[in-house]
Structures are given as structure tokens and as C-alpha cells.
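I've put the structures underneath this note.
Each of the next two complexes has subunit A plus one more chain, namely subunit B in the first and subunit C in the second.
Then we have the complex of A and B:
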């Protein structure tokens, strides 16, 4: 948690509650929620839970001189039941970061390290230099730690294990007396240094992924679309640059550019590596040359036939990939959960090959799985985030762990991600959003969003009297499925198509929309058509509320829907079911100048959005970058 | 007479059943029907024009009632009434001018006597119109709205009058009807050729390498784009398919057949694509007097998106689509709900639909409107067969085609029959 922000006391003016804050009703029985409302934090406009587990577990030990600045928050941290393996997990970053204080440490940063990911915190030392100066005053005993720099390398993990165990022991003995010694100024200096180190580590992680993608000669499994899901794992490659100013590192936080498909050389490269053989669409839309446009339906039979011979891909992942390809699984949450569960399976069946390091090999394997999934269907931003999380978890696996322990820890991490970031997040969103539904409301929704559906059902269960307008559009007509479920539950519904939005908007009092992602300029990246609906609502002065889980937030920015998008099967566009006179005309017209275009997403400008409802509360779109920043920090360091 | 009645009834039934698609076809058929009504109407010696007007009004009222949403019917009825009044006026003025040089005396007596009551009405109408017409300097100087002013005002009217004036003056009793039918024929011709006249202006608006977006299908738009293509302009067109009828597919097919680069998109992708569009060109169902447009459903959304991205929103409309009425709540009052079966398959949703049918209102409603209202502030330009116009100029353009007396056709059932 950001130490600059003092915990608010209850004396603060009540006015603060006005606006984007739900009534802080006691939300019990869900672990992440209990984080949201600790006593000190309840009046903060943006409810950001403090980072949990390993980072916090690490910090009191690592910077043991720091007395707990905000006891109100700290006590809600690190529920050990959620992290069965938390204590060993914490030990490795500790060991590593502790090394930063040792004078001998900088030497190591010059040594050439393998390209693949090592541990997250191993990139710390270079940055930790100025920090050493500050901390030496607090007299961290360098004895015993001196061993690590020489011994600590991923290749001889056994030694490192010994070393870190040693460190652990030492800390246990040292941390207590140190606590009293520091003054306020020193604490401040330490915190500053720590923050700088964090930023640096993050930045390096990014930079390293780019570099390693470019020069991945030795590692054959680097995902060719690694840019889509930037690897977080900090590899040591870039570790050399010791004392670059923090400002420079900030720049590195910019997400790397995505694969542009009009760049022929890179496309060729990617093709050579791909599992799925795709044929390019015959007439592509000129405007979208930068996006992959392949003939749909050609890969499926090929993939199906190779189900039993395709050894590099785990069957569970393979199955999910096929389901993406056929469209059996769609929707941001469903796809993300399916991917994570497939990875869980894959991890369960994984065994480290001899002579290889678990975290490095597993990361590579996962990356190859992801690139397979991307070939089936481009990853959504939420999936990219989830994968990034998984990679950081793998990268931070302590080397001391046995393989089975590591696997169990990863599986439980994934499990926790699913429950906490997706399932519980939805519950929190519903709880917030339902306060915005009043009796007599007419709620409009577009397409089919799981969060909005849960919200409507919950509001109905609470006995609120409202009507739902379901707006739908070709080609997927997802609204019909939503309509069926809502009507089945006894909610009064009106169904119409997207063109009639401005007709129906007169009677609507609120618009609830789902989102595929929320970008850090406040733009909402969502199912195509959402922007149109929101625009009409804005023109009719109807508030637009976007429901989106925070794990879908992304630091990218986007102004239009063209630079980055996904193209669906164009043939779906030219065939209208039930309209034979149109279809027969279009069959032969496929050649030549006619190009059907099937966009999947569009970006809804932030000024059409009245409020974004996330698991951290209800925020205006301008607060998105704040959540992205805080959330990412939490995610990377947990 | 009986065949006219059956004709009228047939047409009314067609209108009621919404068998006639498109305002152009409706307008044309209405004009043809009115022509036969006029030609079969027995003209009395006294007040010929009044008799014709009454007859047309009677029929027109039924037609409008048959499909009040199809504004083209009312427009044509008013146009024909206007034609009758204009022809009558020009005849009267001709009579007044040729009072001394007339050849046949007995006819002249008749006309003189008969036309006096009409003349007074005509003068009133002319006075009313002269407030709308651009005042010529002469009328301003001679501040008399009566007989002396009439020649000037009427000579500034449409070319139909000019032609009628050259006709034989000897048989004036039959002449009015004849002239009116001539003028109606011209009107029918105009309706038929309005596409070409609009399309002629295409080159002035479409340039090389432009990207044009349109929604649904409109013959006017097709001709317009094709005319620009004929003039060796190369541009690309985005066609939104236009739910729920997906006429955009047909338009795209036509465009491709004529060699235009066409991209077919869904309606939902309009907002995404419009940032790369240079111009939105659409057809209209009707243009109201305030410059608002009754358009196929979805166009309001397109217009809003165009406004957001500062893309010109151009509406093509033939003059038969100009409606002299001011809209009030047009989204609801001038709209029509089509069958829900276009949106939902009854077979799939039958169980939901009668979920609670016994106990009050059903749970599921399906709304399928036909038209959208685009407010004048969202329209950048109208292109009619008389050139390009601002939305704020529409009221004035409309005054050229309609006389103020006919704005309300339905209000006079007593005089109608």
C-alpha cells in the first residue's frame, strides 16, 4: 500500500461518502471483501485493498526496521488459509532482496544470465543500490549474507536453497531488535527506496520481455505474440544497467506494442512457429491489415485430426483451444476461467525434465500453450492479465520448493485467482450495483454480460420492481440467450435490436453494460455495439453504468476501435438466417469488391460512461488509471 | 366513376396492408390515382377548381387515413391540390389579362362570371403565398395584394404554369382540368426522375479516396453513389446492413455489381467504423418542415455517431418526400411497429411469450419500430432534386410546393364530400 496515503479516520467529513461510494455495509464471509472494508480504509473514495500475502509477508521481514505504519490495514493481511504455501513463498524474495543490502551484490549484475525468467525480485539488486546507502545506517548485518551473491544463481539451485534458508534463520533472529533503532527519517528513506526499487523491477520486467522476444534464439518456446501478454517475469538480461534514474524506468512501463499483421517479416516468423496452420482470408479489409484475418473453419478439422499426435500441447489446453475456435466458450470470464483451469490441469500433469529448472521450463511451456490459444482465438485482455499473473507466480516460486509443492502452490494460486478475482469480484460488483436499481426503473442492457445478468437476477431476488430492455445485434444475437434466462426467472423484459435503441431509450432510466476490458484512459473495450448504445444513452441523458471486474483493467490506452480489435468470421455477416432472398444473393458475391467485416469489439469513449462498477467500488472512468496502477502493484507483488 | 372508386379502394387496401414499399412508389401511385380521379371528375361550370379540390381532398383524406405514417401520400395529395390552385390562378390571371382580346364571347362571359368567387379565393391564397415567396421589388412597390399583383407572383411560380399559359385559351372550361392533368403528369415524371436529378450532384460531393458510410438500402443513395463512380471517382463504401430487414445486403450487392469497393458491416460496428468515414450519405423516409428527417430505423444512431466524429451527415431526398408538417414527438407518433417475428423466432420463444399470458401483461415485449427521427441539428445537408439545402431552409423549400390552405387535409370532412 502506498505509505503516503494516511489512513483516514472516522472524523473525516461525511461528505466524502457522497458520489461513488456504496453504503459500507458489512460484507462478510468473503476473503477479498474483508480486505476492502477495514476500519481505517472505509471512507477512502477508491477502495483499494492493500497488497496481500507475500509482498507484505516479505516486507516486515525485509524492512524489519519499519514499524507498522497502518496497523488497521496490516491486520487484515495475509490470510494464511488462502496461501497454504505462503511462508516458503515469502522466503525467496526475502533472501534475494536482502542480498541487495550486501556490498558485494552489484558485482553479480554484470554476470551474464540465461534469457528465461528467473525470479521476480532478482532484478532488484541493481536498483537497490541507493537503498543500500540508506539502509546501512540501520545496520543490517552483512554477515552470512555475503555467501549469497556468489552462490545465488538459478543454475545451482541447491546452493541457493541452502543460502536462503540461512537467510531466513538470520532474519528470524535479527528482525526484532532492529525495529526500535530506526528514526522517522530513516523509515521514510527506506520506503522511498523501496518504491523506487519496485518501479524499477516492474520496468525491467517489461523491458526484458521485449528483449528476450527479439533474441529468443536459445529459447524456442518463446510465444511469438508475447507482446500481447507481456511477460512479467524479470529476467536478468537487462540487469546490467545499474543506476539509471527512476524516470527512465517509468518509461518502460508502457506496454509493448502488439503484433502488427501488416508487418510481413514478423508474420512470417510467427507462422513458422505456429501449431495451427491458417490460411489467410482471401479478401481482407484494407483498414484492418494490421489484424490477423484468416479463413475461418479451416483450422478446426486439421486440429481435430491431430488431437492425438500433437504432443507439445496438453490435452486440456488443446480442448479449450478448440472450444475457443468453435465459439463454444465465449465471454470474457468464461474464457478466462476455462484457460486457467486448463492450465491447472497442465500443471498437475507437469513434471520437470531432468537438467531443467522448474520455473523456467514451466514458464516456457505455459507460453507455448498461450501461443497455441492465441492461434485458436486472440487472447482477450482479461486472459492476458490472468496469464501475466500466472507467469509472475511461476517466476516467483521459491527455488527451495519441491516440485510437488511448487505445483500445488501454483494450482492453489490459480484456484484463488478464479475465486477471488472473478467469482467473488462479480459478487461484489453485484452488491454495489444493486444499490443503483430502484423500484420502477427501466434498465437497458446490451448483448449478454455475466456481471449484468447476475446483477439483474440479484435485484429481482431482492424484490425490486423493474423492467429490462435487452438490446441485441447480429451476428451473435447473444441477447436472446440472456432474454430467455431473464424471462425464465420471471423478469419483465423488452427485446429489440440495436437500431431501435434510440426509439426505446425514451423510456429507459439506466443503462448497464458489461465490458471486456477497461483501458487506462477510461475507454471501455467491449462487445461491438456497446459504444453505440452508450452514445445514444448519453444523447438522451441516461446514465451509463459499466460493470467490470478489476482484473480486466489494462494500462493500455485506445482512442478508436480500429487500432486494436479482433476480427470474427466474415461469412457470418453475409448470411442472415431466415432471409433467403438476401443470402442467395450474397453467396456468389463473395469475390471481388465485397468485403464483409465482422468486428468483435469496440472502444467506448470515457465521456459516455457515468460510472464504472468494479470490485473496488464505484469509480468514475477517470479513476481507472489509479486502479490499474494500484491493482497491478498488488498483483505483481502478492 | 365506379372504376375510379374501385381504383381508390384498391389503393387504400394496399396502403392499409402496407403492400407498397418505399415512398417513391407510393408517391407515384398516389399521383397516378389522383390523376384518374381528376380526369373522371365531372367539372361543373361554376367553380371548377373548387369541385376538383373537393374531389381530390375527399380521396386524399381516405388515402392519408389508410396509412398516416406514409407521409408521401399526404405530400402528393397536397401537391396536387396546390397544382389545381396554381392552374386556376394562372387561368384567372390569363383571363384578366386577356379580357379585352378574347376571341369567343360566350365562353368569356361564362368564365368571367364564374371566376369571380374563385378569384377572390385565389387572391387570398396569393396574398398568403406572397408572404412566403421572395418579394420582388415590384410587388413591394405596388403595395396591393389584389389583381394587379397576381401576374407577378404567379409568373414566379413553377414552369407548369408557364406551359399552361401558352395553351389554347378558347376552351377554358375544359382547359383547367386539362392543365391540371398535364401538371400532374409532370409531377409523376418528376417523381420518376428525381433520382437522376439528385445523382447529377454526386460529383460535387464525393471526391477521390473518400470513405462513405450508408445504412440500409435506398435507391436514391445507390444512384447517387453510382453516378459518382461513373464520373471516375474512386471511393469505398461501408454499408451497414440495417437490422431488422438487412436491406444493406442488397445495396452492397448492387454496389459490388457496379464495381464499387464495398465493405459490409453490422449495425453495431457503425460507431467503431465511423471514425474513418469521410461522409455519411443516407436516404430518408420523409423530411419534415423543421428540417428533421423521418428515416429508416437506426439512422439516429448513425447521425449521433457522425456528429461525435464531425462527419458530415448528408440526406438525399426527392421533393416528394418534403412534408409540410412540423413534427411533434415523431419517434412515437410518426412511427410504425413491425412484426416481432423479424427479431425473434416465435418457435423458440413461444414458451416465454405465454409465460404469464393468463394473468395479465406478458413478460416479454418485442419492439420493432420502422422509423427513426433525426433532429435537424444532426443533419449537415439535404440534397434534393433542386440542389443542396440546409435543414433550416426546408420550411422555405416546402412553401414552393404546397399552398398554405392544404396543410390540413383531414380537417374538412364537410367540404371534402
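Then we have the complex of A and C:
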């Protein structure tokens, strides 16, 4: 895959997709559709299909020989193309596509869906991905009410795979009324399915394609006749039989909505439960009220003074919590390792109370530790993943195991997790990434990332000649620590603040970034400022490589930095230690119309990421969901 | 939380001589009619620390203290009273009880602290930095009572040696230098390497070591074993640890640090190394780690340990009963400014008069006063800012100002007691005038005597 994709011009469709249920028109078929559908009234994303047009029946024929989409076509991904459904197309491919991806929903109208799954999969997630996937329809889905096998071949960036899916027209579903609204969970499931399907189509192995096909196979679209590839046959089986369970399972996985901190009653409830006494900050930015924000400086003394009263919290966990709270430990890997090591200690000292089950009691105990840690500082996604792993390990302990054996096995599991998912993963990442460093390169990095640091040191050990630009930002100034270590090793460095990024970017040849997490839509969730660095790099056509261990991947989808973020102490951005003369905001801290905001993270859209370097290799951001889906069961959660 | 508590209750302090005696060791001196050690024990109880070792010096003191503790706390706390040899100092006392210590960290509390600073805060700071020793500092007491300036004239001329010089790093978390009263000279010696590593040191003289330490047990025991000349925690052990913090001679965590010759376990050790590096790189490193890394950022070459401080906020109360002046001050504060410590509920007049106490006509007991159980006062008496113990008989026309009168004291008519301490079973005959005096137990002050600034006590036979 080419890391330096030509810049994409269209960004909007992704946003449009959120929360609504409207399937964009498969790209491959876009030219005729865009011609036909009156784009003027087609923008509303949620819509009831208008009554069918008489002309409908003929319409699909128009698609028949769909020409391979040219790369230039990507620009035509405008909403008008994506939502042609407002045109009288109840039976149009679009409507079907929608159904195809909402397996749980009743059909809104009948129709022929020519390989909806496949086309959608290549087009839906839409961005950050070379949509050069040329979809050629070898045979054409003909008319609405007839059952016509259609062969569809999807070609993807060199890897061609043919999938022919015959679409069955289901008359029965015609009669079903349109379900008014999908639940959030459903919508999420749909979106995930789409994304997964697309990523799979993109170029993973065959297995991936099978699964994706199965996942995307819908109730009404039954690929039943495998015309060409065995993959389709497999997908048929899966699609027919195992689809419901898959759907259910997925629903189960959807996490409950997180606590919204602007919901007063819930906040009150949570407060009563909490171990750490927290005072909520007064002046909060309206847009971020849903995030927890506490008066900094009130938590620590309280937690300290009740050191001996917190009986249920293991000392090691307490210590780690304290270090999170004071900021002594920060950074995704370090926090995760510290947490796991504390849990190891806690498990070592654990003994099952009489008449209790080890796995249940230990799970409850661990959960209480985690909620304590969350009160100290919100858990990062990587830590959440690690804790899920631990919980699943506890749950899967055989009942016959002695307590000591169970504890030993859990401890070694944790050890193994740390070794494999963090240390070895970092080593693999370094090995992959170092191939991207050439002599004479100027590498830019932002903040302080363990993986990037190891990469730079390793490249230096290999004798590569390169220069490093460390970009840093207030208030944490984490880059200084990195800088200190790099300079100590004799690497030539430039240190600058983020204000000067656009200046320094001229000379940079590669940008290496760390990440707190990579989400399913390819968005990179990282230290605030990362996004702007990557965007500047993108504007200068400098490749942006993100180094992120796979255990930090998450199936969540996040489009902006607002819905989920963390708020830090707002005081530290307005106060500069040691420079009293410029601290003119001091006495305005409680001023009513001043709302300081200190965001900790931001989400970098996948458009700006050339490549994600992970322990499974170098992948485009669109392949993240594949890794999440494929490796989660087998490896990450074991 | 894996902490053990040792309360050093001491024996009979020489500094408090007319007040303490064989019957009343230092730990049992009454503060607002309660032994001073009960303040410490209750502070610990409040922090949920119920397993306590109390070390007492001397046989008589041991008997008294044990008797009292068993009686008072038998059902609430698990207190183990240990007798340590006389005159071994605080370090010696710890040496004597070392065999009882098993926990990872030890909290050492002096038995004469009257404070409301939670020991948990010290322990938390200790744990957070994984320190070898953490000491609590509080603001040094202003000499003399804060609001009645006239009362103290003599004791105001405190020896400068009572002050500490304490060096802190800019974040006020680490202890870089400590010198206490006795060894205080005009010039101070500060380790160059410490100063180089930190870059900036803040030297304070307004802070006082509150004698509440958290020690790492392994280190404490090692130091006590190796340096058998060390007598005092404050003057020997603590300065030693502070001095050597960048050239550590103690073995951290009970295990020697891994040598660089791992062969068969090389890969495992390599992983551990990386792990610790990940942790170290992402955490804010104190100057200790930076120093340990050396200028080249290579593997840690120098061994260091951390000495932390916890500075109690100014709103907290913290005093040590280590002088007669302090005894007066604490008594006054406990029924006055820091009244929440006393555990009594105050009346509307801001004083405590036991229901069984009897007052004559026209007798006034002012605010910030305490009158113990079954005490009888005659007519026209006046009590201001004073503590009067149990079963005292006070005649008419007696003035008690700013004083402490202990139990079973008989005061005849017309006496004036100002700024003094009258111990138990003392008889003051008619028209005695005491000013700035301490009257030892069982003493009889004869009729009409006027004393000023004297310590009156029976000769020991």
C-alpha cells in the first residue's frame, strides 16, 4: 500500500454517517446514480423511502456495466452521491444496501441488492482508504422484483478477489413496515459491520473476507449461489446459519453508554459510591460538560489523609492510583504496566474468603480496584483493554484449580501480557518502523512516546544517519525528557514547541507519532497536539507514521475529540511556574465568564495518517478494525 | 496497608523535670486532663491503625504507662507496650523493638505529639515516592502564647538551637538537608553533589521536625545494625540518610540490585530492564533518578534513595510536648484554639466544667477553661485560660490565670497563680503567689510565699 496516498478532498461523508442510518451509495455505481438521483433533495440522511416510482424497475439496469471506478471518482463521494435514496428508489440498490447492513432490521422494501455487501464494504467507511477499489459488476442485477444472480467482482489495490453474490429478492420482507428507529447499539453494530466489511475487502487474507462477508451478509441478501469463488460459498453458509448469533454477540459487546457528567442525578449517585472525594470544578466549558472535571488539588490531600482507612484497596494499587493522581506516572504504556504490576501484587496477596468463589470474588475485587483507579484518573483505552483481558482470564479459570495454582496462573498471564503485548510488540514495531528510516532523514516526533523513542534509539544503534526534531508543548513538556535521553545517546536533535511546527516541517521527511489508542475508524487518539502536528505534516506532504501497539486498539469509533476526552487541571495552562510576571490570570480563576479548558487528548482523523505501525505489521488506518476483530479473540483476550 | 506503628513514649524527660516524676512519666503528663500519649493513640485510632507498639524507657515509667494503656484501651486497640533500656535514645529504642517489626514500612511516632495531621498523609507521601524515609514537618511554634503576649517573658528567650534548618528541593517533596538544634553551628555544610543534582535548594528555618517518620523497614534495620553508635533518630539516623541519598550505602528493597552478568536469564532480565525503563521514562523523575543515570543517560550507575518530607498545612495543629513552655502552650491550645483535639464538648461559655464540680458564689470561670471532675472552688474565685484537674479543693479569692493545676491539689484562700504549673497533690497554703513557676508533685508551698520563675520540687531521696 502506498503510504503517500494522494490527498483526499472529501471529508464530509464520514461525519454525515454518524448516528444516522443511511447507507451511502456504493461508489462503483455512483456515476449513473449521481446522474439519476436528484441530488438536490437527497441530502437528508434519515428518510422514509418515498413511494416507488414506475421508472424504478428500469433503473438498476442502468448500472449494468458499471465501469471500474477511477481514482478520480473519489471526489464524487459527495453526499449527494451517497444518499440517492431520496429519489424514488425504494427498490434501488441504495435502499437495499441499507438493509444489507442492518441484519436485525426488517426490510423496508424489497429489492434486488446486487452484492450490496461487497460494494458497501469497499465504500462505506469511506475515508482514509484508497477507494480505488474498482468494483466491476460482471453481471448486472436486473430488476427489482426478480431474483437475479449477479456476479460481482471487487478488485482492491492489486489484490483482486472475486466475490459473486447472488441477491435474492425477498417478497415477504416487502410487506414488513419500516422500523422507525434503530437503537444506538444497532446503529453501532451496523457501522462496525460496514467498516469491518470494507476493511476486509481491502486486502486482508481470505479468512478476513469470509468473515466480513458473513458479517455483512444481511437477512435479505442471501448469497446463495457461489458462482466463482469458494469464499462466497463459505460466506453463504455463515451468512445463512450463523448470522443471528453473530449479530447477538455483537450487540452484547456494545459497551453501555458511558457516564455523562452533565447528568446530575447520575453524578450524585456515582459520588456516593466513590472512594475519593472529588469536588467538581465550577467553571466548565459548555461543550465538555459531559466529561468529569474536578477541582484539582482537592483530591490528593483527601486521599492522602485517608491512607489507612482505605482498607479494601491493596497498597500496591493505592500507590499506583496516587501516582496517577499526582501525574508521577503518565503515558499509556507506563500506566498500563504499572496497573498490571499492581494487580499482580494484589493477586499475590489475595486469598479467597470462606464460602466464596475465587473467580467471582476476585473479579469483584479487581473491579473495585479499577474503579478506584478511575477515580484517581480516568482509565486509558489501553488500560481498559488490559483489564478486560485480566477479567476474562479470571473468568476462564477452571473451577478445579487450587487457589494457589489459580493465582500463579493469573500472575503468569499478566506477566505474559506485559511481555508479549507491550515489550515484544514494541520490539516488533521498532523492527518494522526502522525500515522506514533512511540515511539523511529528518524525523519529527511529538511529545514522548515509548515506541518512538525505542525506534529512534534502535535506528541510531544501527548506525543510520538522521536528525530528530522533537516537538513539545506546554504544560507537560514531556518532550524534554525524551530529548534528554536522545541527546544523551548522541542523536542530533532539534527541540521546538508546537507553535513552530509549520516552520520546522519544511525540512522534515518523516513524522513518527505515538498513540494512546487507535480506534476502529482509523482515528488516532493521542496526546493533544498530535492532530495538529499530523495535519501540518499532511499539508506539507510529509508521511505520518503512527507507532501503536495492537493492544491499544479499540473497536470504538470516534469522530471528534469532544465526545470522549479527558480534562486536565485547567490551572496549569494559565500558570507558568517560575514566571510570575506573566501569570496575569491568577486572580481571575473564579471569574464567571472565564472557562479554562485543558484537554488531554485529541482524535486525529485517519485521513492524515499514512500508516500505522503495529505489532502485526504496517497497516493503513483502515485495517485497524480487521486487527481488532481478528486478533482480539485469539490473541489479545485469549 | 502494610504499615506498623511504633510510638516512642520515652521515659522521664529531664527537660520537664519538676513536672515529671516516677509516678508521672512524660507520656502520662496531663493535657487537658488526659495523658498526652492518648492524643497520639487516638490520632492513630482515627486513622484505623490499631496495632501499635509503644516503647517506654525505664521500669517505673513502663509500669505506669502499661497500666494506664491497658486500662484505657484494652477493648479498642491492640497495643503492645515494650520496655526498652534507659538512656538508649530514640534509635536505641527502635533497636530494642526491632525484632517485632515485620511490615514493609514503619511509622515511628513520638509519644508527645499533639496533632491533628493525619499520619496517613505521611504514609501516602512515603509510598508514592517509594522513599526510604519520610518525615513530617510542621511550622515551628511561635514562641510564647499567640494572644496573651504579656504572660511569657522569660521563656521567650528560647535557645536558638530549638530551630531546625531544613533544606528542601523546589517541589518541596524531598529533604536535602537537615540540621537540628544541638549541632547547629554558624556555617552549614551541604553536599556538593546534592546541590548539583537539584540545582536549587530552599533552606527554611520556620519548619520543625514533628517526629513523625515513615521508614522503610529494611533500611531502618540495616542502618540501626550497622551504625551502632547512632543514638537518636533525629540527630543521627535522619541526617545520615539525607546525607547519603545520592551515594546510597543502604540496600534498597531488601535485595541487592541486579548485577550486570545475567547469562541464562538474560532475556528475562532484558525484559525486566525494558519494563523498568518504560516505567522510568514515562514518569516524572526526581533529581534522584536523573543523578543516578548520570550525564550519559546510561544504565543506572549510582545508587540513590529518597528522603521525602510531608509538610503539614498551616491550618493543622502540631506541637510536641518537649519543654515546660510547650506544656503550657499545648494545654492552653487544646482547650482554646485547637479545641477539637481535646475531644470534649464545650459549653456555651466556651469552657468545660464537669457537672460534679462545685463553684462558690461570685466565682467566675472564663472561656477556654477546664474544671475537672469533683473539684470544689470557693467564693469569689476567678479562673482564666487554665486547666484545673480532678478533686482539687480551691479556697476563696483565688486567681488562676494561664496555668495548669493538676489533680488533688489543695489551694488555700487568697492565692494567685499565674502562668504556672502545679502538679498533683500539691498544697498551696494561704496567700501564695506563684508566677512563672513549676511546682513538683507533693510539694507544699508555705503560707505567704511569693515565687517568681522558680521550679519548686521535693528533693529526691
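As a convention for this text, the second predicted complex is superposed on the first by the 373 of 638 C-alpha atoms of A that agree within 3 Å, B and C clash if a C-alpha of one lies under 4 Å from a C-alpha of the other, contacts with A are read in each partner's own complex, and residues count from 1 in each chain.
In this section, contacts are C-beta pairs under 8 Å (C-beta built on N, C-alpha and C of every residue); 3 or more make two chains touch, one makes a residue touch a chain.
Just so you know, these numbers come straight off a predicted model, no measurement behind them.
Undergrad: Following the overlay on subunit A, give me a clash-or-fit verdict for subunit B and subunit C.
TA: They fit side by side.
Undergrad: So in the superposed three-chain picture, is A:594 touching just subunit B, just subunit C, both, or none of them (first/second/both/neither)?
TA: First partner only, subunit B.
Undergrad: May I ask you to decide whether A:423 touches subunit B, subunit C, both, or neither, giving the answer as first, second, both or neither?
TA: In the superposition, A:423 contacts subunit C only.
Undergrad: Quick check for you: in the superposed arrangement, does A:326 touch first (subunit B), second (subunit C), both or neither?
TA: second
Undergrad: Return first, second, both or neither, reflecting whether A:453 touches subunit B, subunit C, both chains, or no partner chain.
TA: second
Undergrad: Using the touch definition from the top, say if A:613 reaches subunit B (first), subunit C (second), both or neither.
TA: A:613 sits against neither subunit B nor subunit C.
Undergrad: If you stack the two complexes on chain A, which partner ends up touching A:539: first (subunit B), second (subunit C), both, or neither?
TA: After superposition on chain A, A:539 lies in contact with subunit B alone.
Undergrad: Give one of first, second, both or neither to describe whether A:315 is in contact with subunit B, with subunit C, with both, or with none.
TA: In the superposition, A:315 contacts subunit C only.
Undergrad: Look at the residues of subunit A and decide whether subunit B or subunit C touches more of them.
TA: In the superposed model, B touches more residues of subunit A.
Undergrad: Should A:285 be classified as contacting the first partner (subunit B), the second (subunit C), both, or neither?
TA: first
Undergrad: Let me test your reading of the model: by the given contact rule, A:468 touches which partner, first (subunit B), second (subunit C), both or neither?
TA: neither
Undergrad: In the superposition on the shared chain, how near does any CA atom of subunit B get to one of subunit C? Answer in angstrom.
TA: Nearest C-alpha atoms of the two chains are 8 Å apart.
Undergrad: Where on subunit A do the contacts with subunit B and the contacts with subunit C coincide?
TA: After superposing on chain A, subunit A residues 484, 488 contact both subunit B and subunit C.
Undergrad: Per the contact definition, I'd like the list of subunit C residues that touch subunit A in the complex.
TA: 1-3, 47-49, 104, 118-121, 123-125, 127-128, 130, 271, 274-275, 278-279, 281-285, 293, 295-298, 313
Undergrad: Where on subunit B is subunit A touching in the complex?
TA: Residues in contact with subunit A: 236, 241-244, 246, 249-250, 252-253, 255-257, 259-273, 275-276, 297-298, 300-301, 304-305, 308, 331-332, 335, 340, 343-345, 348-349, 352, 355, 361, 363-369, 372.
Undergrad: In the complex formed with subunit C, which residues of subunit A make contact?
TA: Subunit A residues touching subunit C: 301, 303-311, 315, 318-319, 322-323, 326-331, 333-335, 337-338, 418-419, 422-423, 426, 448, 450, 453, 481-482, 484-485, 488-489.
Undergrad: Would you tell me which residues of subunit A are touching subunit B in their complex?
TA: 285-287, 472-475, 480, 483-484, 487-488, 490-504, 506, 527-529, 531-532, 535-536, 539, 560-562, 565, 573-574, 576, 578-579, 582, 585-586, 589, 592-599, 601-603, 605
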